[in-house]
């Protein structure tokens, strides 16, 4: 930490290297292999404002890095600043970002699916400091709201997705179902028919495993009038939510779902749907992209069924964030970063390549020409999100992921009671 | 004088092992926010919280089962395999190369591969079992509570055998042939020869293989983390994955607690190894 | 193991002749074809998961996650390996892995020799302490220390360099190498060394010209062991290597299968390619390895 500690440490390491290399030389050049060692150059420390670092999550192997590399070049030629790009897989980004913050070495921009805890710790710039007015007014209101902690916006959305009900048209036809279900009762009847087809057919692909169970549960609870929080109070174990989880459990008990839904992750459910065995699954646009590429499954996309007859379907929306860390002298460079990112040709081409949904009003306009996205785009401005603006949610989300699946074999109410208790205790 | 010869090794150990270990101790005494931000001293709270974790008992029991099962099975199978690999037969070189492959493959990849092989819906293993009519419905190797640990142990043994077998092959090759000659002249049965001559002479190799395997298996992360990925909670975690989840995946999400758990881990394996060495009287062996 | 001086005996004879001659005659006739057959079975027992992997590389990703599962591809795809080998990102990861594994191995060998030799030959104050320190090093896994490791290399400004990765791999594999070589040096008769010194070689000259050739099997063992460990290291590389092009294979190839995009075929193809260098290295020095573990390991 203090400079006093640096010197002996550096010396120690340098010493090791010197001795090692020296010895290698004496013993006939076996050390030649270490030649690549010095190549690092250690340029990771921030040098003034002209070099900023971005840690970005990897959505896809072929597009994410290509986009950010291109972006870094455009950024350089436009501002003269350098943008270092580091792409990290979703599996590892929590560890990476935590490690960096622990060492007081956060990147300048971090791409993550949460931001509120960082805002709470006072690490971030607010939109007032780094976002120009034109950019801010272009962002969809729902996302400005979900990106705001205590009245100020910190979580700048990079892209969004909305969930909808995917159904297998071929299986629907075989089971004699004419239209996608509008209510839970219809849904259950349809799932029963499909499961009755035999030959491995599965009524509904239900992923309540630890990867993303909060997403699946959110969709169902929102369409039963439930929510995680209402009027500033946690309502995880509200009667509606208990009813919702009990309903999901009953699907499993009646064998309308795939095997062991409490231990199925989202991707597994998608893969099952993509192999044509599943009647319905809650999906989002990347799944559509994959299905279109495979050309194997005839599928349709419909709004979620609601519990009540004639209810308004709720869309579950998700955004990921690009947050900016407060560091001495980086404010202008960060601001320039956002200015460039939210230019139509940048943000929208990124979103298009990755197969997600826009986060800006101008983006919705640009994407509206695509008939496949119609279902999502109409509902996107009113999308219902999880309480990402509450730092407690960052912990509650993890607790939900780790525990919700146990309700499939256990008692839904007990599981939700426990989660409610831990949320009230601050996560 | 001594320093001159030992300095490079000492520098490397102090610089790259001891220093981070000290950092680990410091982290275990600090309070961290969920973001990783250091918020000052925590005293011994992190240690207390780890000890108070309701899953700790399960995790420790899992660890014991995992280490004992994997090490014991690995040693037993490797003993047989090593006997075989020291025979002379056509194609032996090829067999030796084949045996090395699980060691040569990265654990992360082997673990991912097995999570597919075991899969309920896509798994080759279930496809084969069904085709052979050994089962009527697929086995949920990674989801059924009774199958998860055995499935993980099987992979653990699979990747530990190559190294262990080679230690034993070396040990067997070191046994002078004249010892066997003498035994044969005395008319001893093969089993008796193995039990009274081979096994005792192989003891040091077994000792080394056991200690090293205990350490590796205890510290093994990718297998359990990957194969157990879709199971909620800590029900099938060992202390190493428990430590990782404490820091990044659980509701605790606390680097300080994770560091404390990490230090418990080091103490655990140290004690386990020392106890094992004491029990098998390593010191007598050396003198 | 005090009786044998295996470092000198090499690999040649096995216990084979002694044990088989006591078995019945039927077996003796069956043996020439039965043993290779058992050998084939054993090989398959170790190779089958990787054959599954190979088959996975020869089918499109969507056929890998297809239910019901099939052992053979329903659709064959032959372009996976050219795709992977033509992928610049993959080649960069491969280069990192090669550089890091070779350099770590070289450092381990060079650092372990003097330490092992000295502790095996001389009694000095702190000898036990040193050996105990080495033993304790073996207990630490980089997984538990990774936060501290990052902190350290950040302090000395080496994050994102090959050197950081090389030093880490070297340090964590040093213990094994020292123990192995220690056993070897201890088993070499002191007289040999004294004779050499009488011939006018200095201590270093003796070590270089007399001792090292005798410990060659041990060196080979330490080499392959370190190389494999460095080749497969994951957690530290994940944390330290920020640039995509500086990631080693183990970390890089996870890009093939993300939460949003799955290329199982390419992941499998890349993984198989990653196994090849290790197996080749092993095939080259296997003969020495088998002799090598002999003495060092059992001391």
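Letters A, B and C mark the chains as written, and numbering starts fresh at 1 in each.
As a working rule, a contact is a pair of C-beta atoms (placed from the backbone, for glycine too) under 8 Å apart; a residue touches a chain by one contact, two chains touch by 3 or more.
These figures come from a predicted structure and were not determined experimentally.
Chemist: Per-chain C-alpha centres versus the global one: which chain is nearest?
Modeler: It is chain B that sits nearest the middle.
Chemist: Which chain has its C-alpha centre farthest away from the C-alpha centre of chain B?
Modeler: Result for max centroid distance from chain B is chain A.
Chemist: Using the touch rule from the top, point out the two chains with the most contacting C-beta pairs.
Modeler: Looking across every pairing, the one with the most contacts is B-C.
Chemist: Using CA atom averages as chain centres, what separation in Å is found between chain B and chain C?
Modeler: 16
Chemist: Just the number, please: Cα centre separation of chain A and chain B in whole Å.
Modeler: 34
Chemist: Using the average of all C-alpha atoms in each chain as its centre, how far is it in Å between chain A and chain C?
Modeler: So the centroids are 38 Å from each other.
Chemist: Which residues of chain C are in contact with two or more other chains?
Modeler: Correct list: 65-68, 107, 110-111, 114, 146-147, 151-152, 167, 170, 254.
Chemist: What residues in chain A touch two or more of the other chains?
Modeler: 9, 13, 16, 20, 23, 95, 99, 102, 211, 271-272, 275, 277, in rising order.
Chemist: Please output the residue numbers of chain B that touch at least 2 other chains, ranges allowed.
Modeler: Counting only residues that touch two or more other chains, chain B contributes 8, 12, 15-16, 19, 27, 121-122, 255.
Chemist: For a test of understanding, state which residues of chain C touch chain A in their complex under the given definition.
Modeler: 62, 65-68, 89, 99-100, 102-103, 105-107, 109-111, 113-114, 146-147, 150-152, 154-164, 166-167, 170, 208, 238-239, 242-244, 246, 254-256, 258-263
Chemist: For chain C, which residues count as touching chain B in their complex?
Modeler: Counting only chain C, the residues touching chain B are 1, 3-4, 6, 9, 11, 13-23, 31-32, 35-36, 38-40, 42-44, 46-47, 49-50, 52-53, 56, 64-71, 107, 110-112, 114-115, 117-119, 122, 124-127, 130, 133-134, 136-141, 143-149, 151-152, 167-168, 170-172, 174, 176, 178, 228, 231-232, 234-235, 249-250, 253-254, 257, 264, 267-268, 271, 274-275, 278-279, 282-283, 286, 289-295, 297-299.
Chemist: Report the residues of chain B in contact with chain C in the complex, numbered from low to high.
Modeler: Interface residues on chain B, with respect to chain C: 1-2, 5-6, 8-10, 12-13, 15-17, 19-24, 27, 81, 84, 86-110, 112-114, 116-117, 119, 121-124, 126-128, 130, 158, 161-162, 166-167, 169-177, 180-181, 183-184, 189-190, 193-194, 198, 201, 204-205, 208-209, 212, 215, 219, 221-222, 240, 243-244, 255, 259, 262, 265-266, 269-270, 273.
Chemist: Per the contact definition, I'd like the list of chain A residues that touch chain C in the complex.
Modeler: The contact residues of chain A facing chain C are 5-6, 9-10, 13, 16-17, 20, 23-24, 27, 30-45, 58-62, 65, 84, 86-87, 89-92, 95-96, 99, 102-103, 105, 200, 211, 266-267, 271-272, 274-275, 277, 286, 290, 294, 296, 354-355.
Chemist: Chain B touches which residues of chain A in the complex?
Modeler: 9, 12-13, 15-16, 19-20, 23, 94-95, 97-102, 104, 117-118, 120-121, 123, 209-211, 213, 258-260, 262-265, 268, 271-272, 275, 277, 391, 394-396, 398-399, 401-406, 422, 427
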